[in-house]
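Below, each structure is written out as structure tokens.
Shared between the two complexes below is subunit A, which has subunit B as its partner in the first and subunit C in the second.
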Partner chain A sequence: MIHDAQMDYYGTRLATCSSDRSVKIFDVRNGGQILIADLRGHEGPVWQVAWAHPMYGNILASCSYDRKVIIWREENGTWEKSHEHAGHDSSVNSVCWAPHDYGLILACGSSDGAISLLTYTGEGQWEVKKINNAHTIGCNAVSWAPAVVPGSLIDQPSGQKPNYIKRFASGGCDNLIKLWKEEEDGQWKEEQKLEAHSDWVRDVAWAPSIGLPTSTIASCSQDGRVFIWTCDDASSNTWSPKLLHKFNDVVWHVSWSITANILAVSGGDNKVTLWKESVDGQWVCISDVNKGQGSVSASVTEGQQNEQ
Partner chain B sequence: MEELDGEPTVTLIPGVNSKKNQMCFDWGPGEMLVCETSFNKKEKSEMVPSCPFIYIIRKDVDVYSQILRKLFNESHGIFLGLQRIDEELTGKSRKSVSILSAMELIWNLCEILFIEVAPAGPLLLHLLDWVRLHVCEVDSLSADVLGSENPSKHDSFWNLPGNTQTLTELELKWQHWHEECERYLQDSTFATSPHLESLLKIMLGDEAALLEQKELLSNWYHFLVTRLLYSNPTVKPIDLHYYAQSSLDLFLGGESSPEPLDNILLAAFEFDIHQVIKECSIALSNWWFVAHLTDLLDHCKLLQSHNLYFGSNMREFLLLEYASGLFAHPSLWQLGVDYFDYCPELGRVSLELHIERIPLNTEQKALKVLRVCEQRQMTEQVRSICKILAMKAVRNNRLGSALSWSIRAKDAAFATLVSDRFLRDYCERGCFSDLDLIDNLGPAMMLSDRLTFLGKYREFHRMYGEKRFADAASLLLSLMTSRIAPRSFWMTLLTDALPLLEQKQVIFSAEQTYELMRCLEDLTSRRPVHGESDTEQLQDDDIETTKVEMLRLSLARNLARAIIREGSLEGS
Partner chain C sequence: MEKMSRVTTALGGSVLTGRTMHCHLDAPANAISVCRDAAQVVVAGRSIFKIYAIEEEQFVEKLNLRVGRKPSLNLSCADVVWHQMDENLLATAATNGVVVTWNLGRPSRNKQDQLFTEHKRTVNKVCFHPTEAHVLLSGSQDGFMKCFDLRRKDSVSTFSGQSESVRDVQFSIRDYFTFASTFENGNVQLWDIRRPDRCERMFTAHNGPVFCCDWHPEDRGWLATGGRDKMVKVWDMTTHRAKEMHCVQTIASVARVKWRPECRHHLATCSMMVDHNIYVWDVRRPFVPAAMFEEHRDVTTGIAWRHPHDPSFLLSGSKDSSLCQHLFRDASQPVERANPEGLCYGLFGDLAFAAKESLVAAESGRKPYTGDRRHPIFFKRKLDPAEPFAGLASSALSVFETEPGGGGMRWFVDTAERYALAGRPLAELCDHNAKVARELGRNQPWPSAHCKPQPQCGQGCSPQGLGLFNLKDMAPGLGSETRLDRSKGDARSDTVLLDSSATLITNEDNEETEGSDVPADYLLGDVEGEEDELYLLDPEHAHPEDPECVLPQEAFPLRHEIVDTPPGPEHLQDKADSPHVSGSEADVASLAPVDSSFSLLSVSHALYDSRLPPDFFGVLVRDMLHFYAEQGDVQMAVSVLIVLGERVRKDIDEQTQEHWYTSYIDLLQRFRLWNVSNEVVKLSTSRAVSCLNQASTTLHVNCSHCKRPMSSRGWVCDRCHRCASMCAVCHHVVKGLFVWCQGCSHGGHLQHIMKWLEGSSHCPAGCGHLCEYS
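Moving on, here comes the complex of A and B:
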């Protein structure tokens, strides 16, 4: 019944959301599991949760079948609903916070095909920008590109913000992955369409930047395929897909580790597989995390790594 | 996809219902969360009851053990030393941290074969030492053997250290001795004593005889060295692998298959460094051993000479893996920092990504982390961490702390925010908190306009306290005219001017008074309408109007006095 579980930035707290309409927060330090908060407010199953960067305080966003996005905040030790966004006509499937350098911005993808962007402007106020018809039939996933400052990285004095080019990727029921870019006038424009899947795109994940000029996106779909898209140019225009693997079943979720050296893929045959890129650019599966049936073998930590 | 040497291991999640429900997962800093969802292919039904647990999967549980932490700390020191010294380091490399015996065994063997590159003669001696170090029973066996036969010949033969014999001389001597033993055997000189006969066979290096003593030989490499001792003591390094392989086969006798440790040792005897590293990576559960071994070999320039042209990359790869693992630990992360420093390609960016994820539970820890970042000019990380700490301080109402964090982060926007809070506090309580900090801002004051105003405003109060009224007056006025003061604060400033206006002596000049009046008119003419309730609005208005009237009166009176005074001075 749990649809999503997310660790916070430091790995000390865990947020989970479930079909029972609740969002729960646990303290998981030192292997413990202490329930800190049980947040109620949604009127339908909650699909995803996302933690904001700690510099904004303890903030959690959740999205649900009830067409709402709720932003929760911890004040003086208690968690409360801080804001509710009800601008969609259908289930909201995915929420993702932008890199903290851009401010406090949340992207939400919905089954009504639209993507909305909520920007915190201060004093409890949120500004909404909506991209209608981002994907026909519906949008299933959103993922932000890491913040990269164009040009030099010299310190900007007096609080002037460097000119970031904000980008994010979205995956939808039109089998497409779309890349969006914010224009100078503040409007969002579709920059690229990535086509390779033959069924609904279930998840997209933009890899963290490791300082190289390449950008990498992982996508997975109902068609059982996982693609790794790379773009070599910093001013990005050609994305080339590489098939990671074709699974026998729907692939639901892809996620990068902190330094982007391991990709976790969930789906197909009830497994979570871990993948790594080898020296010559091939992707190799390094571990399988499988569901057992009742066997209490405590071998949960034996995942070993194979090298090339 | 790549061909793998072995299937990836499967990790089972116990107790989970596997009726085709999907698992969801998320990455933590050093581990992974997994739990079962109710997603079922294309349907999103929640009919099937499922396991309510969430599992945390971690790769290296043993990172946390006491003994290993000690190991890591010690090897960290050695690692650092190695990076800073250029020449060959046989001395340092011999420091063995004897905790995990298998690692030590392998390490020592690698030292002998790869680092010291023992040539033919001394090779066997080193191997003997190696075996003796790891297998205590050697002593008893050698005592047995050396016990009776020709001890004098033995002694002179083995007087190698510091001797002047060449390898050929040695070989000749040994050949001679070996032939003599053979003759004894053939002559059946010791036919009466089967014990002595088998002893003789052993001394001749007869494998069958040696194997009969299998219980005394605890493992195949012991057998190998013993065998070499008696059949080919001047064995050359390149011939080792042949003996090694056959020793292993003979010893196991087809009953059992080689273990991972055996494979590693075999690879070492074959001088296949790449294979050694690979086998170790598979067999050992954390990266410590392989990372340090590869680093050492790289420094001895051995990886290239063994045709591993991606050697330096491999060293870096292994070090990165090891260091990343360290960051999952609350205090070992500090060791990880140094390792990342010595990874030229991806070390810095890996450090940047990891260091921001260290939980900042205490101020000391935060300061440590910041120091690390500042030493490496990681300004983005510094800014981010300071901002997090500043926010936390603001939420806990520790404005002074928040201000110093924003100054350290050079974050003007946040400094403005905190300064505003200070000013608001002042308006509400009539006094400043954290006076020390504000008084000693120094050049940091320039970070943001609001902060500058805060500093200067405090200065105004100080001057007033020191009765430097003229200075205070000028400062007050300049704060408004230079537009440093936010408009919302002007009323307060003008109210502050009241006591100065009401003093016996004239403080504000006529010119200054005109300025003040202009400011007041400016302020009153553009009063915005706030969205407050009607009664509150009226009350506020009342108060405001009274204030304004009082000010106007004071200003007028002051103007009069100022004009008179200035007029009089001119007159006289």
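Moving on, here comes the complex of A and C:
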């Protein structure tokens, strides 16, 4: 059973992970599907994979039921295990790379309730920070905020690394979404607790910041609801939820398009729906094609064309 | 049937009740075993040997079998087993190699019955015959198995595995005479109890030691084995050759395996290191445990189902000195947590979606939407060998592609590549970009930001117009001049909206939502020359008494700004002659409309007359850019920003601009549009952005004399104390373009050398070389 599928930065490769412990990488250019690599190393079902920014090379992280996070690296065309993180006491459910501006940082959310952050410190070394008891019963998803620099950018002397505020969101079995922020001393602190779901939060997705500095997070839950959280004013840091839709089944995933204007939602009914915010701020399902609208999108849902 | 009746008798028809509970033991447990009445459990360890009664709410210590002052090594138990037919009979395997039997029916405190000291090393396992009351089997580290008849003092027979240490022995439930034994070298042997000379069958089951085995209770000849290789394998022993039926992959070495009663495919396992949990697996789903018990804090050493016909109660003992009763319904179920779907938005707007195959298959009968323009470009089917789970545990993966112009991102690439950002007069840039947008079927209002000085059309009427004209029934191919005329005409009759910034937004919103290609033109008009001059001459006038009447203020700087802008002042001057042409340029985004419903809203000049806020246009453009950025089209925002340059820059705060730039550059890089990205970086006016190009460029300078790297500062080499790169002609240090002859390595200022070479082809340094420069 495939648990996750992720396309790489350039959209040329697709990584999938499965219960059979394997992580597979496909070349999907030109509509083809060529298996490039079959990565073996996990000892349990692999829940999620994540591609790192290509500026660090071809790096893929995978997390598994075996409590491990493995970071794979391609060198000279062959994929190999580059690092193995075994710092969790239970299944690791989610991995997410930080925006490349921060360096190579990986956030991992685990069923043991902790979130660990692996930072590459060079020469094959990874520094681990752990947030214990981030979510009671377990953490199901992590998603980084896009890199936004506080205050004025222009005052930064060129060449010096801007002082980013690192943030990420996590969703867990305590029905909460939590926002975490790195303090100046490098410690991670809970910044916000977003409460609206009535069951496990299955996925959170922080929208890419293209355009205005409004922050948007999409979250979905076991309770079938999908919320869009927005924070218009970064200083006050108040987030307001808007119910996108209540589905009749578990909603497993939410995923933003790269310009952050379309949200793909996949639910337990095996449908993918695409949503777009209309002018009046309402989210509308655009996956039903309306012929009058030549624009944005076509449909995926319902008829998964089962061609084989 | 025979077995069934026996058990029912044993059960006496009573129903088991209880809850998840645990009790603390005084010492770590090594093994546990349940009495056939399902009400008592014996716990044995190095320094513990007790019987507990399992009550509804708790465990109650019933009997301590470790009696006597001097602890004997015979009491250090590696294993314990309770006879399944005789409630009073127990056997323990001691770490010193002794097999002890216990008779609870003895009246004395010491219940020890018999002592067999035949094994030389630790006995790992003892096992009673399931139906024969007096037969006991033991397996030891010394590699031997012994069969005892409890009515005799010595062993009846000895079996030599001829392999390594014996880890487990289990009587078959199916065959009266058969037992299985597992070995440290990975072998499993089948023995006939009547034939101690050699085993019936032997096969290698695991890589490394096989720690445990268990016969399937429903006597179908299935044997489950668990090994250090972290696998549990299920063998069908009925066939001639042992056939591997299932293989479960756990995350740690398997120390114990026990079939779950009444559940044909379930078995419980625990590990001997690392992992403290107990798992119940469905052998058909070999990767994710069906249930997980997480109560123990240290390695679980013994597991036993409480009753051979009750699947819900599991007892366990652990190194953490606790005894637990687990209720199946309280177990956490990792399967429930498992995410059966994967979803990912690709770069080009394509979508990868993996889902449970059963669901996909169930829906395959359904017709796809007629309007569905996405196609799965591949579809993968993973077949699970386990039939009943084939639907549940396999996934289908589809990738949906978008058509160009649909939700995809091809437009982004095309637009990025074709937009002209610089190098031409402003108007041309705008026109070009508008054309590109039109060709790509996008609806972007490229401002024909002409801002030209227009000849006066009327004294009191300032042609200050950022107008949105509503054109109706207008063929796209109309000549521009006509169009302007028409638009002007229409403007008068049409609704005139004053709040033009709001109008602009609304208008664009319409485009977006209607999806039709609606042009949203606006003209940036300017005051005509005469008025300007007037104010130029009369600066006092520039600050009118009426604070609302701020036109001069605005008109003045705006015009100057425009005239000063490098791109195409001549062009503007040229056009200045014809009043109408300026309007024609305004068409920009009048695209081939789908429904031919133009909506150009016009704002009458007169109405605007000198009442515009100072940065009216800026506001408008800013709002527009913000709008686009918000719509996820940062490309538009940045392109306009670059093309309009100084005109709008001041209206949008630096940070936002920079944010747009970086976002756009990031996007471009994702699409591998390096050239475009570089151009954007180069053209951007934001310092932080333009320095991106210099971020990773380092200049290394070596001294021309000693070839050593120069220190970062100065022009004097630290080593040879000579000035580097001296001009051979003027003997000064060259701080700029340095040309040198590759033959003699002498050189100097470009100008000097060129001049020198006009007169002589010899090296100016006097080395005699005939310098060659290409």
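Basically, the second predicted complex is superposed on the first by the 280 of 308 C-alpha atoms of A that agree within 3 Å, B and C clash if a C-alpha of one lies under 4 Å from a C-alpha of the other, contacts with A are read in each partner's own complex, and residues count from 1 in each chain.
Criterion: contacts are C-beta pairs under 8 Å (C-beta built on N, C-alpha and C of every residue); 3 or more make two chains touch, one makes a residue touch a chain.
What you are looking at is a predicted structure, and each value in this text was computed from that prediction instead of being measured.
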Please work out whether A:124 is in contact with subunit B alone, subunit C alone, both, or neither, and reply first, second, both or neither. neither
Is A:45 contacted by the first partner subunit B, the second partner subunit C, both or neither? both
For A:266, select first, second, both or neither according to whether it touches subunit B, subunit C, the two together, or no partner. both
By the touch definition at the top of the document, which applies to A:56: first (subunit B), second (subunit C), both, or neither? first
Using the superposition on chain A described above, determine whether A:14 touches subunit B (first), subunit C (second), both, or neither. both
By the touch definition at the top of the document, which applies to A:281: first (subunit B), second (subunit C), both, or neither? neither
State whether A:93 touches subunit B only (first), subunit C only (second), both chains, or neither. second
Looking at A:245, would you say it contacts subunit B, subunit C, both, or neither? Reply first, second, both or neither. first
First (subunit B), second (subunit C), both or neither: which does A:5 touch? both
In the superposed arrangement, what residues of subunit A touch both subunit B and subunit C? 1-7, 9-11, 14, 16, 19, 28, 31, 33, 45, 158-159, 209-211, 252-253, 255-259, 261, 264, 266, 270, 272, 278-279, 288-308
Residues of subunit C that touch subunit A when the two form their complex: 230, 249-251, 285, 287-288, 334, 337-356, 359-361, 363-364, 366-369, 371-382, 392-403, 405-407, 409, 441, 509, 512-517, 594, 626, 628-634, 637, 654-656, 658-660, 663, 667, 670-672, 686-688, 691, 694-695
Interface residues, subunit B side, partner subunit A - complex: 1-2, 4-6, 8-18, 20-39, 41-42, 44, 46, 50, 52, 54-61, 278, 281-282, 285, 310, 313, 320-321, 324, 346, 348-350, 353-354, 356-360, 379, 384, 387-388, 391-392, 395, 410-413, 415-416, 447-448
Give the list of subunit A residues in touch with subunit C in this complex. 1-7, 9-11, 14, 16-21, 28, 31-33, 43-45, 47-48, 65-67, 91, 93, 111, 138, 140, 148, 152-154, 156, 158-159, 162, 202, 209-214, 252-262, 264, 266, 268-270, 272, 274, 278-279, 288-308
Within the complex, subunit B is touched by subunit A residues 1-7, 9-12, 14, 16, 19, 28, 31, 33, 45, 53-57, 75-76, 100, 155, 157-159, 208-211, 222, 245, 249-250, 252-253, 255-259, 261, 264, 266-267, 270-273, 278-279, 282-308
